[in-house]
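Shared between the two complexes below is chain A, which has chain B as its partner in the first and chain C in the second.
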Partner chain A sequence: MSDAFARFARNPAALLAALLLAALALAAALAPRLWPIDPEAVDGPPLLHPFTDPAHPLGTDRLGRDLLARLLFGARISLVVALAAAFASLLIGSAVGLAAGLAGGRIDDLLMRITDAFQTVPGFLLALAFVSVLGPEAESVVLAIAASSWTGPARIVRAEILSLARRDFVLAAVAVGLPRVEIAWRVLLPNALPPVLAYACASIASAVLIESALSFLGLADPNRASWGAMIAEGRAVLVREPWLSIWPGLALLVTVLAVNLVGEGLDDALAPRRARP
Partner chain B sequence: MSEASLLLEVEGLAKRWPGAAAAAVSDVSFALAEGERVALVGASGSGKTTLARLIVRLIEPDRGAIRFAGRDLLALSGERLRRLRAGLQLVFQDPLAALDPRRRVGRQVADPLRVHGLVPRADRPAAVAALFDRVGLDPALAERFPHELSGGQRQRVAIARALACRPLLLLLDEPVAQLDVSVKVQILNLLDRLRREEGLAWLLITHDLGAARAASDRILVMAEGRIVEEGPTAAVLAAPRAAATRALVAAEPRLPPPEPDPGPQPFTAPSVSPRTM
Partner chain C sequence: MARGLIGSPEPVATSGAEANTPLPRHPALLLARRRLAQAPIVLLIVITGAFLLLEAAPGDAVDAYLAGLGGDAGLVAELRRRWGLDRSGPTRFLLYLAGLATGDLGWSVSFGRPVLAVIVERLPITLVLAGAATLLAFALGTGLGLLAGARPGGPLDRLLSATALLLNAVPTFWLGLLLVLVFAVRLRWLPSAGIETIGAGHTGLARLLDIARHLVLPTLTLGLVYAALYLRLLRAGMVEAWRSDYVRAARAKGIPRRRLVLRHVARNALLPVVTMLGLQSATLVGGSVVVESVFAVPGLGRLAAEAVTQRDVPLLLGIVIVSAVLVVLVNLVIDLLYARLDPRVELAARTP
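Right, the complex of A and B next:
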């Protein structure tokens, strides 16, 4: 594990991206202290241009709300929802993949057909359907994103389990007399997880995007600042006052890029034997 | 060999892989007495490893019977199978592949002590240290991961793990084939010492006739999934009858006959002793 850490640290892009994400997470967590302006309060003249008033460095929106405060509070929603969704999809996917890979036979067939069924529906449509049924709360957004993205981890874990099951150290664990449950838990799962972790990390990026897209469409909680909702609000004045959409757009771009770079760095660090281009 | 002391009886064992033209193991029968040293030799692909894995039921046979310590191994399942199987332990050819890469080796040696309830939790570290000591390893190495050990050390760990099960029979599947020459001798000596101390029997699978001569009293020769010749090792190898045995003996690398000693000479290279095992 320490080797993997060293390999990750040697990848400058991934390291930089990780630091950036850490800074973003910190800023989001400390938003009320760093920038103590209520993101929902009308705090200045509407449509104040950026860099004109030190009290509102990024300007204000059509209602006169501070954009920096909204951006920071939007990061909270985006990151928390995306992390929770990626974690939930990892959890569901690993459980399904582990069960399918271990049980084999009919149970495997059944679980994989269910996975197929989920995969045939485009992920975003599925999330859309979930949210429109469950309502706009953050929890249902998490559930919606998880429901549309657990299939990847499920397939990866199942494939890893099937290939691991033939390896000598798993056979040795059987021969020594480890019970099946313990082999699954102590031997198979830890060895199957690294590629899934890398995948899950990258899937945070798509969760950020799905969350933004849902709030752009007005399907997320309308009472909380969110990047997607900010872009949607800026759309009405996009031609004359583009910065309303540019700030949250930039935040999205940087976050998604950083998460993907970290995911790629993790993938390389955890699977060193794979040939790299 | 009296009937009472029979440890392992294999009768009519057969396995054909789905879709394979020929059976991997067909109609194999043999018996092994308590404390007996038997070698199983044959060219690669002759079914030796499959036979070993059939005997410990890592592979389910198509037909046949296996009796171990007077009990029908194929009739057991679950908990009783796990308990009986502890008595016959497999040592794999590649110790790096046979050890879980993500768990400390001490834990892996402690596994059998724990799952078979052999040693209470409080005494386990001492028991693991004692096992490491018995196989000639520094107990401090228990905290290492497999990739942090040398090939010989790994095989010693694997042997310690097998011993932890308190076996009556070791199935040694080319236990030294992947080790350096000097380490090979050490491991074979270690195995022989342990066998004498514990009163173990073994089935040594090898294609190295030198190892078979040194480490077995009786020999089974396998070719194309069948046992084609059987008898006292020295007699069989001195006067092979089956074609497969003759081929193995003919293919054995031989050192040229020793040249007459020309007397002391300056600057000679150190001589290599013709038989180190």
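Right, the complex of A and C next:
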């Protein structure tokens, strides 16, 4: 693992992206202290241009709310929802993949057909269906994103379990007479996890994008600033004040780009370990 | 050969059934047959899921039907009895299935019309948009991917790969807004929204051209995002191929570089791109929801977004089922296309 860490640290793009994400997470967490302006309060003249008033460095929106404060608080929603959704999808996917890979036979067949079914329905439509039935609360958005993205990890874990099951150290564990549950939990799962971890960043990136699209369409919690919803609001004055839409879009772009770069770095760092026999 | 397979009455890929088929036993064809056999099961699971969500949603079909008409408690009870909504869960599910079999996808609350009729009206625009975007993405992605993968690490590769990395991270709806800002607002080259110029009274070819002009920016938005994906995929496959023994051998033989890149390096790297084309058909429908909303294109995607804001669950689930059927069909076609592209099929066809 320390090898992998060293390989990751030698990748300048991935390292820079990781630092940037850490800074972003910190800024989002400390937003009320860093920039103590209420993101929902009317705080200045409406549609103030960026870089004109030091009190509102990025300007204000149509209602005169401070854009920097809204961006920082929007980061909270985007990051928390995306992380929770990615975690949930990895958890569900790993559980299904583990069950399918271990059980084999009919249970495996059934679980894989369910996975097929979930992949057959366009993911974003599925997320829409969940949100429309469950409501626009943050919890249902998390569930909706997880429901539309657990299939990737499920396939990865299942494939990994199937290939591991034929390896000597697993056969040895079986021969020694270790209980099945223990083999699954202590032998198979830890060895199947690295590819899932490498996939985690892709999960987070796509969760950020899905969350932003849902809130852009006005389907997430309307009472809290989020990057997608800010772009939708700015759209009303797109021609006169394009900055209102451009700032939150840039924030999304940079975040997703950084997550992807970290993911590629992790992939490269972990891959040699997987290739070794 | 493809048609023969689809029409085959015995789609299960057992060894006995294969003996009757004079076709090469290509893995991709076997895969296609297995998919065909599994398709009904997969669709049944999708429909079951849709039914469960429909049951979980507040209100039922009668509420939906009477939403615009109004009606007293007696009428509600009478309709519930007639439509079988007072029966047990399993019976309701069977009634739902029977309805689907006859093309009855339920009643749309917000339109006050059958769901299928609304969908059929909106589907063609989305098919055109998704088809055009796929063509653009495939042409641009493989074309530029070929250039990038021809000399990995070269200046052109760096430029293209960096652009693809950016496009991979951009929210589709935001890219759409940026394109509107540049091409519709600043340059005034293209319309920013809608499907045709309202009140222009175009007919025939002029109307088609007008619609095409309106579809340029939505197609570009959707196409660019997927082009980046195909570019990265093809390039990655080519980088892999450069390291392989057969390319080294071909190089050692002194095959001209152009021929080497096209016939040896790129050809195999194209196969995963074709597979991805099928896998992306599902996400493409999802992407059209956002793009159609940005550009006010009255297609299936925008219909889905409207269904959510109108809380029209039957309509939304109807769209889910119809797009699942479409995705299954597209993937079958892709599987067969794959068999055509794979050089091993050529070999099998030539050797008796």
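For the reader, a short list of remarks on this structure follows.
Operating definition for what follows: the second predicted complex is superposed on the first by the 272 of 277 C-alpha atoms of A that agree within 3 Å, B and C clash if a C-alpha of one lies under 4 Å from a C-alpha of the other, contacts with A are read in each partner's own complex, and residues count from 1 in each chain.
By our rule, a contact is a pair of C-beta atoms (placed from the backbone, for glycine too) under 8 Å apart; a residue touches a chain by one contact, two chains touch by 3 or more.
Computed from a prediction, not measured in an experiment: that's the story for all the values here.
In the three-chain model built by superposing on chain A, chain B and chain C fit together without any clash. Contact with chain C, but none with chain B, is seen for A:Leu253 once the two complexes are overlaid on the shared chain. With both structures placed on the common chain, the touch criterion links A:Pro122 to chain C but leaves chain B unconnected. Comparing chain C and chain B on the residues of chain A they touch gives the larger count to C. Legend: residue contacts after superposition of the two complexes on their common chain; A:Gly263 is shown touching neither chain B nor chain C. Contacts of A:Gly101 after superposition: neither chain B nor chain C is touched.
In the superposition on chain A, contact of A:Ala175 is made with chain B only, not with chain C. Within the superposed three-chain model, A:Val131 lies in touch with chain C and out of touch with chain B [touch as defined at top].
Of the two partner chains, chain B is the only one touched by A:Pro190; chain C is not.
Applying the stated contact rule after C-alpha superposition, one finds that A:Gly44 touches neither chain B nor chain C. Think of it this way: put the two complexes on top of each other by chain A, and the tightest Cα contact between chain B and chain C is 11 Å.
Listed in rising order, the residues of chain B touching chain A in the complex are 53, 56, 58, 82-83, 85-86, 89-90, 92, 94, 97-103, 111-112, 115-116, 158, 161-162, 164-165. Chain contact summary for the complex, chain C toward chain A: residues 38, 41-43, 45-46, 49-50, 53, 56-57, 165-166, 168-174, 177-178, 180-181, 185, 279, 282-287, 289-290, 293, 304-305, 307-309, 311, 313, 316-317, 319-320, 323-324, 327-328.
Taken together, the chain A residues at the contact with chain C in this complex read 113-114, 116-117, 119-126, 128-133, 205, 209, 212-213, 216-219, 228, 231, 235, 238-239, 242, 245-246, 249, 252-253, 256-257, 260-261.
Those residues of chain A whose C-beta lies close enough to touch chain B in the complex are 167-169, 171-179, 182, 186-187, 190-191.
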